[in-house]
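One chain, chain A, appears in both complexes that follow, with chain B as partner in the first and chain C in the second.
Up next is the complex of A and B:
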């Protein structure tokens, strides 16, 4: 800070038509160490100001050609947002005239006759003000620049994020969603991914905190979610992996509230896991509404040994609507600071018109409530309508001769034994082995279905001896899965063995899958028409439709499926 | 100060009371409240009688305290929550980690 007794030299412009006064003031100022230039009227002062750009201007009020007030007005206009203090030199004393000087843009007065002590003090005070203004302007520009930089970086980061999260199926015809383009920087995430054997995984989440840390956490979540889902892992597997990854990478105190849904369109089942998000809703087409309540701690809190990923099962018919959201909806506030809240949300859902997606309806209600849509930045919602068919059509990958690359003739055997049956899902691993054959890759969905149907039959009916007839009623359905959990936890002395065999043929290849379980088996002769016997269920019909042949051994505990694929000009088809 | 601490006479129980909104702005004060001179404290009480609102960063701070106080062995009790606060703790299933009264 400048010392008042020894101020930094200033560039001072003075204007006075009285040459005596001019000389006296000039002498005082020079003695105090300043650089001074003088003009004899307003016009000359203005020209000098242009040329010399002084730090401060001292103006006599009454001068010929242009008076001090007009000169002050023009100097202030020229200075723009730089503070150039203008001080009037005056012997006037009536309040009206003095006020006029200030209205013209003057900052203060110096009374004549001059007093060097007062002059020194005033100049010092104004210099301080001038510098403060300069500092403020500099800092404001810096903040502005940094903010712009941050926004630019966010756009770039957003692009990187989109590249990782791009494989999603949020554009499926039965999905509606709302998220601000920069929502990842609010900590909100929203993903949807088709499963290889049909169905989808959905994930809506909310990281604690905002900005970069939240966005960084979202990257591994996207990668794990999409990667594992498209490899065929089940919901609980994906959840466990997400949780343990987040526990490892996030600092204590940071976590991700999330709702995960596994949707099976063919079977009409929705499985939900909610850890820390507000209730989701499953709305029947007939108007009944189930709340999907948070029953778990958020992802990234519990260590892998304590983390539980059981999902709750719901039956869903075509036309039923699933709605998941982050807390932005409940916490949207109106002008009076009131929250939108659960009551209003339930009210909105109850009055929801048919043929309008609940997402659009809720957004509209929240925006009306909040006024002017200013809260929509924090709103993240995902709605899904149940359909009878898988809504995502498989993207066909063109197959050429390169489909013949990769291992062509091979055989492998893989057996899962004992308690491992209850803890481990071998399907992604088996699918991975098959996908080494380029020609099979575009049939990954069908291969996965074959493996999954065979495995589930072997596990649920062969090993666990669950009667599928239970699944014919809603109560039985719940009982079936409860019993499945219970028996899986205590399974012992059993095994399921897969033998895979692949060979190339003239214009394609053949994959043979054998699946053998250690159970009692059943009488395959008794299964004539698919679906006739509850034991075999729809699974066998599906396998028959997808493959070139399904046979059982006499004992009924080993199934053999033959899957043929062929090269065509536009892609490979199955014979 | 929206965060107040009290210590029992034997120095083993520290009560931290949060007034008004418990959110990120309380971070430093809350942290000071459990870190400063806390040797010998074995039981923790979070008094929410005057806490109107709790956000997810506050949940994070509770987890930080839990780690500080010994993780799975921590003895932390959250008391006198109003309806909104209790709801947020319930949604996040924090009763699995803290004893909430």
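Up next is the complex of A and C:
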């Protein structure tokens, strides 16, 4: 800090038409160590100000050509936001004139006769103020620059993030969502991805913390979620991997509250896992509303050995609405600091007009409540309407390499045995093997569906001997899946074996999938019409439709599917 | 009515200290400026221009106070007010007092320079 007895030299501009006063002031200021330039009137002072850029200006009020007040006004205007203190030299004593000086931009007065002690004290005080203002302005500019930098970085980061998360199907016609464009930096995430065999996975999440740390966690989550879902992994598999990854990368105390939903449009099933987020809702078209309650710790808290990923199953009819959200909705506050809260949310859902998406309705209610809509930045909601058909049309992946490259003639056998049947889903692995054939990649969804149908038939009907007729009623549906869990847990002495075989043919290739289970089988002769027997549910009809042929062995415990694909002008297509 | 000293010796000593070598120049400047100002005051009176009169009186007052000629400064204030009030006749009467006071100040200053 400067010491008043030993001030830093200042550049001082003085203006006074009285040469005596000028001489005296100049002498006083120079003796105090300052650099001084003197002018005889306001106009000359202004010119000197331009040329010399002094730190402070001392002005006589009454001067010819341009008086002190006008000079002060112009100097203040020129100085802009830099503080150039202007001190009036005056023997004026009436309050009105003094006030005029201040209105013109003057900062203080110095009375005549000049007193060196007072002059020194005033200059010191103003120098301190001037420097403080300088520091403040510098820091403000720095903060502004840093903030701009941060925003630029966020935009760039957002772009990178969008590239990773771009395969999502949030734009599907039956999905409505609300998220601020920069929501990822609030720690909120919102993903939707179609599954290869139809249906989709949804993930709504909320990282603890804000800004970059929260956004960084979102990147691996997006990558795992989209990567694994597209490869056909089930919800629990994806959840386990997400949890494991977050446990590894996030610092203690940071985690991700999340709701994960697996939606199967064909079977009319929604499976939900909620770890730490507010209740989601599944609203029947007839008005019943199921709360999807959090029953787990958030992702990134428990080690893999303690993490549980069972999903709760719900039947859902076309027209039913699924609504998932982060805590921004409940925590939206009104002017009085009151939270929107669960009661208002339930009220909003109860009064929701049929033709409006619950997402739009809730957002509207929250914005009305909060007043002005400024809270909407923190609101992340995802709504999905159940449909009878899969809403996502198959993505056409352009063939980036010749369909004929990669393995063409191969055979592989894979057998899952004993308790592994209850713990492991072999489908992504089998799909991966098939996808090594470039020509099959465009058909990953169909291949996955074939593998999945065969495997589920083998497991549920062949090994576990579950009657699919149960699935025709809501009560039976619950019973079916409860029984499936129970039997899977104790399955022993069983196995399911896949034999895959691929070869090239004229202008295309052929994949043969054989799936044999250790169950008792059934009489395939009896299955001629789809739907005729419980066993021949939609699964078989679907397989027939997708493939060139489906045959069973006599015992009814081995199915063989032939899948032909052909090269076309634009790539390849199935015959 | 005006019991201020003709020349504040203490103030003058301070000025001498501050001005160092320039003290002589300062005194000479003050004396010649003051002469010019007295002329300007007369001019304003004959031009019947109270505004110019008051302004000159104001400046004269400032430098007189600054240099320690307190009684002269007080007289300047009186005629500045008269000028501002447009009472030039009144001001004209005071001019004799003012010029007499200036003569005293000037003499004292010149003595001080010689000392």
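The criterion applied here is as follows: the second predicted complex is superposed on the first by the 568 of 575 C-alpha atoms of A that agree within 3 Å, B and C clash if a C-alpha of one lies under 4 Å from a C-alpha of the other, contacts with A are read in each partner's own complex, and residues count from 1 in each chain.
Just so we're on the same page, a contact is a pair of C-beta atoms (placed from the backbone, for glycine too) under 8 Å apart; a residue touches a chain by one contact, two chains touch by 3 or more.
Source: prediction; values computed, not measured.
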Next item on the list: Label the relationship between chain B and chain C on chain A in the superposed model as either fit or clash.
Entry: fit
Note to self: For A:31, using the defined touch cut-off, is the partner it touches chain B, chain C, both, or neither? Pick first, second, both or neither.
What the structure shows: second
Next item on the list: Using the superposition on chain A described above, determine whether A:298 touches chain B (first), chain C (second), both, or neither.
Entry: first
Notebook entry, point to check: Looking at the overlay, does A:206 come into contact with chain B only (first), chain C only (second), both, or neither?
Noted result: first
Item checked: First (chain B), second (chain C), both or neither touched by A:113 -> second
Next item on the list: Using centres of C-alpha atoms, tell me the angle at chain A that chain B and chain C span after the overlay, to the nearest 10°.
Entry: 80
Notebook entry, point to check: Thinking of the overlay built on chain A, is A:488 touched by chain B (first), by chain C (second), by both, or by neither?
Noted result: neither
Notebook entry, point to check: A:429 contacts which: chain B (first), chain C (second), both, neither?
Noted result: neither
Check: By how many Å are the closest C-alpha atoms of chain B and chain C apart after the superposition?
Finding: 57
Next item on the list: Overlap the chain B and chain C contact sets on chain A and report the shared residues.
Entry: none
Note to self: Quick check on the complex: what are the chain B residues that touch chain A?
What the structure shows: 24, 56-57, 59-61, 63-64, 67, 90-94, 96-97
Check: In the complex of these two chains, what residues of chain C are touching chain A?
Finding: 11, 14-15, 18-20, 22, 25-26, 29-30, 33, 55, 58-59, 61-63, 65-68
Next item on the list: Would you pull the chain A residues touching chain B in the complex into a rising list?
Entry: 206, 208-209, 252-255, 257, 275-278, 294-298, 301, 327
Check: Along chain A, where are the residues that touch chain C in the complex?
Finding: 17-21, 23-24, 27-28, 31, 60, 62, 91, 112-114, 116
